[in-house]
C-alpha cells in the first residue's frame, strides 16, 4: 500500500494522517501496528501537532536555524541540497504507529506529517504496511 | 497495554525500561519486537545511557542550546510551549525494540526513557504492543 | 540475526544496507518489515544517501556544529564522550524498513548506515529481525 504526496513549496509539512487511516480502514485490521516509510533522502516523517499551523512554521524555522542551508556543504557543489539530506537523516524516514479498533491510536494533538525539505515535488512516495497483533 | 508516567519537572528523562519489560514478561512472548509509543506532542521517547545521570542533564542542555526556548516562536503566543513541540517532533514518539528470551534486547548502556519537555504532567500515556517473530 | 560492524575512525558512517539485505534474503521472507537496532549508546542508525560520500561528511559536520564536542558536559569528566551519547540519542538506535519481493524497499537514494560517534570500535552489534506481513 502506498500514498503519493505532492508538495508545493521548498519546505513544508503535509498532514497525511487521514490518508493513512483510510488504508488502515481498508485493510480491515482492528488491532496491530502500522509502519509508514517515505522513500526519499530529502523528505522525512514526523508526528506532532498541526492544529495550530504555526507549530509547523516554528518547527521548520528552528530546524533551519540548527542546520542552516548552504553552510559550506561539500554536497552543495553537486546538488545544492545538502541541508535537506542532513535534516531528512536526523528526522528519519519512518514511523511505527499503533492501531486500535481499526484506527491509528495517536494522541489528541498528534498528526502524522510528511516533511518536505527539497520541494516542490510532485510524487513523494509513502509506503504503508500493517501488522496484526493478537 | 499501556503505562502511565508522572513527571515532576518542566523537563526530565524518566527511565521506563523495567515497566516495559514487565509488560513483555506478562505477554509471555519470548521472541519478537516491542513497539512503544508516547501519545503526546510535547513528550518523546529516546534510548540511551542513564547509569551516569549526568548524561540526562547533558542531553537536555544540549537540546535546549540547539533548539532554544522562546526564540520568537509563533505558537508561544497560544500555548507558550513551541520549543517543547519542536523537540518532541525531532526526537519522535516511538521506539521499536527487539525482544529475545522474553526480555527487551537492549545494550548494556541502553535504557528506554520518556522525555518530558513540557511538564510537570501527571499522566503521560505510553502505549506498548508486542509482535511475535518466528 | 545479527551483524557485527567494525569502525576505523572517531566518527564515521558505514553502509550496512547490503549486509541487512543478505539476512532478508536468507530469511526467505518476501513481504514484511525488517527491524534493525544497534545495541550501543554512542552509535546510531540513519537512512540517507551515500552515493555522494560528501553527504556523510556534511552530515557529521552539521551534527557536530549543532551538538558540539566537549561543550562543558558533566559526563565528559567520567568518559569524555558526552557528545556521542547526545547525538546517538537524537538519531536513535533503530530503523524499521519495509520488505518487498524479498528485499528492503528503500528509495533510490536511501542507504541504511551505522553512525559511529565514539570510535574506532571493533564490534558494534546490529540486531536484525524480520516480521512477515500478509
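By written order: A, B and C. Residues from 1 in each chain.
We take it that a residue touches a chain if its C-beta (ideal position, glycine included) is under 8 Å from a C-beta of that chain, and two chains touch if they have at least 3 such contacts.
Since this is a predicted model, take the numbers as computed values, not measurements.
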- Message: I want to confirm something about subunit A and subunit C. Since they are copies of the same sequence, is their interface symmetric in residue numbering (over half shared, so same) or not (under half, so different)?
- Response: different
- Query: So what angle, to the nearest 5 degrees, turns subunit B so that its CA atoms land on those of subunit C?
  - Reply: 120
- Task: Quick one: report the Å distance separating subunit A from subunit C, using the average Cα coordinate of each chain.
- Result: 20
- Message: By the touch rule stated above, which residues of subunit B touch at least two different other chains?
- Response: 66, 90, 92, 96, 131
- Interface with subunit B, subunit A side, in the complex: residues 32-33, 46-49, 52, 54-55, 57-59, 61-63, 65-66, 90-92, 95-98, 105-107, 109-110, 131, 133-134
- Message: So in the complex, the part of subunit C that touches subunit B is made up of which residues?
- Response: 35, 37-41, 66-67, 71, 73-75, 77-79, 82-83, 85-86, 88-90, 92-94, 96, 125, 127, 129-132
